[in-house]
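In the two complexes below, chain A is the common chain; its partner is chain B in one and chain C in the other.
Let's turn to the complex of A and B:
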């Protein structure tokens, strides 16, 4: 396999370079845009020789956006706070709810068990609006529209199935003999679960939690339908930002960079878990 | 010794009831979650059989399957079906080819290849709605870098998503940017998990590489390819974020896929009945697809478990 010609090696490197440029250039370019004034962004031809400024970021953080028409109050940091709150709480809740259920599905063969698991999984693939549109009417009568609680509850739709199915696979890989041995030594079921099973499934729980966080952070449609400006996460907030007239492009770019940094940083920091969750989780279970 | 003895409690006896009930107690939250989804789901099915326009509350009434029957003669509906299927097959087909190509390029586990495959995760971690915004900035007619680069090579006034002729191409491109890495990761994991023996045997016999690829690599990789394809098809036929953030379904009716159309029916035309019927049809499609997918997935999982 190793007698590949030098021509082939060159072609390979060219191909990989092209691939990397296609997938990384947009992020790099938007980052560069976020460091420019509107004047340098609009100059033609575009030039890389500009003096980087951080004004766009300070404007976003202080919430005072300079526009052609004057100063505009736009609280993008509130969107950021919403994103953090919604994602963290949703993942925490679905871990608390999902890990025991995943254990039950993995360890016990019980009626309804497989049915619940399949219903949840098939709804992972159902169109979001199918459930969201009637839900938006229910939320109005229940007073849950534009509340964090309502949103966190709906976010379980994405987080819970993910955690159930990935963590279940990891619990199935743990030999029941280890648990039996600990039980026979006189420990309660609960103690066995928390002291033996959960620590052994930790990589799976980490992978599932990480993926669930990223999916929750990146979600767009739930808050678009069920929340208004003050409760919306960055994904929806950034879009509202663009449609608000007269906003400077550098500030839009800065808002995008701020919004995608947490997930990208997490992905790079914990890529081992992530790849495991994505590939093993989707392929192996 | 005494410390150990106190620790050695008698095994906690569980009543028969507890043993029976435990799995149900543990999965109760998931069960409640199921019910929580099923109620709005059935409401949607019920709405789909209503004449229900929020601006005309007096007309509300049960009309059985009229919303569905009307679709047969509704060119708007067939446009939605056509656009959604085109979008799904184009994105998944192109992503599969590109993803497989990249996976083959990065197959050998070297330091550089591993770093490259990690970097390729980044688009996948970008929120699709924000990715659409990024491409919107890059394809802006006034300052978009891509519009500029095209004008340098002589293509003036390429309008990207605002031109009906190129709108679909533009959103497909964004979809490819976000989701090709997903297919790449799955296929890379698949490629690296293939048994070495058949390849070594083929190399010893001097079998041509195209033959190895089509007769050994591809068939052995097929379960992974099918899983990745079905998974992406399921997502792609429901695409909302990228299209809505990019053009809100425009220009004209060029990008009105199922979910975007249902969203506009609900919030702009306030035609709840039609919107719900559209979603039920989309659900039926995804349900059929997801059943095939889950079966395929479980087969693959069993194989993976057997191999260990």
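Let's turn to the complex of A and C:
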């Protein structure tokens, strides 16, 4: 049944359009910029009439940045690779560590449990730079500076608390009786965890994983301080576009478009798991 | 040898004692109803037996073996939860198949097992449905089917009819005893509906204040309640009570509202004892002799009619008469009430325990 009048429908579509324009405008603008030369971008007044070029993209992919002052080496694709590697591994490690931990915090009451959980959360509100100073000294001693392992380890500061706290809530929402029922039916604790608890918390795990991925992907300061050029992600690599002969807006725009693609793809893919309601109707309604 | 034995079982949460020494034996194939009000720990008892919670003290024996160190999956019990606890990501058939699969049955046996129990519980037409697509009644049957599927020696049913509608509850109350007998399992059935308890049980164990105050056949529980508390739990409308004293001058009697009500001579030994007289509303007989009373209200309830009566001294009590009785007095009528011995019980006022005359 549809109770809304046609006026309501029109107003609703107008509102949706406004919201979409508001949020998508910067991305659309950047996309247009990525197809222009620095000159057309900087021309005043800006014009929508331009001949699209793909030079910015080819420059990024081949690694040859041509500027007014000459040709520059770029390792954008290496940065891309680093970003993917760092984010994927960090989130994977965080899931492996965080999901069982979240389950433990959700199901079992143990000494200092709440304190430990809160301490882990507090990593999120400690200023990163404050942590980094002592950390960089430790990393030097341990030989972890400029290694993927070292970075993935530090990225746990970003990913682990997120996953822990989001997934914990989802585990808490699962009726313990469902788990009890599965165990009484003859299944071990581990089987119950993998066959019941994890599948039922899947929307939460997907959401937390996606968020953690985005935060890891967008991180700048950890890699800036703890890694040098060959291990740095795109966020730090973007600094290379600030050249002696000016800022390469076209390439930056193209780099942005390329670098949001993996996150966007992941978000679209994870969307189906974000759908809730799986656990509805399991217990009395 | 009893199939299930609970010995001096205790359970505390911090300083709060839920059970203080529970004892219960159940034979193979016996249906024992655990009856008690809300918060008496009926569900906790089932969880302890299933092994998903650990007792503070005492022992639980299944088939003669102490199961303290046995994990829930190896205890050989089936359990149906009050909130059904179906696995939401599996359809009804997979839900029911769970215990069979866990036992390592091959695919054909699983199929046959599910089909058998589904047919028994009349849910074979909804086996492909996800739990959220089932009605409450179907959910309840699915949960029951899952508990029955692997033919456990011990079946724990936690108020399975609590969340189903009245019609289905009535049907199931008739069907369940046959179903449960067929399964051959020792059944512990939790409920707080006394009619359900009476309809299903071989024996009823009444749980109150952390112990079983009485464990007996339904008939005994009703006709010979061990305490005033038990008497109050069984029966609708609830038993009438009056504070009085046993007197022996000119035959054992109590005085109710200024009228002598004779009691069995065997109560002579309790002369002078302060007691509570309990009279089942069904045991109240209206006639030309007995306690004076005025009819205050008349409530017809299908096959019985409940009368609220008041004695000139202020004592109010209920009488439940068959609606087919020759004459049901109207409100305002003055009547005299006498009490049939079978429905009249005498309890000690201090302890609440039944005095055996």
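Note that the second predicted complex is superposed on the first by the 230 of 285 C-alpha atoms of A that agree within 3 Å, B and C clash if a C-alpha of one lies under 4 Å from a C-alpha of the other, contacts with A are read in each partner's own complex, and residues count from 1 in each chain.
Here, a contact is a pair of C-beta atoms (placed from the backbone, for glycine too) under 8 Å apart; a residue touches a chain by one contact, two chains touch by 3 or more.
Only a predicted model underlies this, so the values are computations on that prediction, with no experimental measurement involved.
A.B. asks: Once the shared chain is lined up, is A:110 touching chain B (first), chain C (second), both, or neither of them?
C.D. replies: A:110: touches chain B, not chain C.
A.B. asks: Output check: A:135 vs chain B and chain C. Expected answer is one of first, second, both, neither. What do you get?
C.D. replies: A:135 sits against chain B, while chain C stays out of touch.
A.B. asks: Scan A:24 for contacts with chain B and chain C and give back first, second, both or neither.
C.D. replies: In the superposition, A:24 contacts chain B only.
A.B. asks: Taking the superposition on A as described, I'd like to know which of chain B and chain C A:120 touches: first, second, both or neither.
C.D. replies: Touch status of A:120: first partner only.
A.B. asks: A:199 contacts which: chain B (first), chain C (second), both, neither?
C.D. replies: It touches chain C, and chain B stays clear.
A.B. asks: Would you sort A:186 into first (chain B), second (chain C), both or neither based on which partner it touches?
C.D. replies: The answer is both, since A:186 touches chain B and chain C.
A.B. asks: May I ask you to name which of chain B and chain C touches more residues of chain A?
C.D. replies: Touched residues of chain A are more numerous for B.
A.B. asks: Return first, second, both or neither, reflecting whether A:177 touches chain B, chain C, both chains, or no partner chain.
C.D. replies: Once the two structures are laid over each other on A, A:177 reaches chain C alone.
A.B. asks: Name the residues of chain A shared by its contacts with chain B and its contacts with chain C.
C.D. replies: On chain A, the residues that contact chain B in one structure and chain C in the other are 183-189, 278-280, 282-285.
A.B. asks: Would you tell me which residues of chain B are touching chain A in their complex?
C.D. replies: Those in contact with chain A are residues 7-12, 14, 22-24, 26-31, 33-34, 36-41, 43-44, 47, 101-102, 105-106, 116, 118-131, 133-138, 140, 142-143, 145, 148, 152, 177, 180-182, 185-186, 188-190, 199, 203, 224, 227, 231, 234-235, 238, 240-241, 244-245, 258-259, 262-263, 266, 272, 275-276, 279-280, 282-283, 286-287, 289-291, 293-294, 297-298, 300-301, 304-305.
A.B. asks: How about chain C: which of its residues touch chain A in the complex?
C.D. replies: Per the touch definition, chain C meets chain A at residues 47, 50-52, 71-75, 77-79, 81-89, 98-99, 102-103, 130-134, 136, 139, 143, 146, 150, 163.
A.B. asks: In the complex of these two chains, what residues of chain A are touching chain C?
C.D. replies: 175, 177-178, 180-189, 196, 199-200, 277-285
A.B. asks: What part of chain A is in contact with chain B in the complex they form?
C.D. replies: 1, 12, 15-16, 19-20, 22-24, 26-27, 29-30, 33, 41-42, 44-46, 96-98, 100-101, 103-105, 107-108, 110, 112-113, 116-123, 125-135, 137-138, 153, 156-157, 160, 164, 169, 172-173, 183-189, 214, 217-221, 224-225, 234-236, 238-239, 242, 249, 252-253, 256, 259-260, 263-264, 266-268, 271, 274-275, 278-280, 282-285
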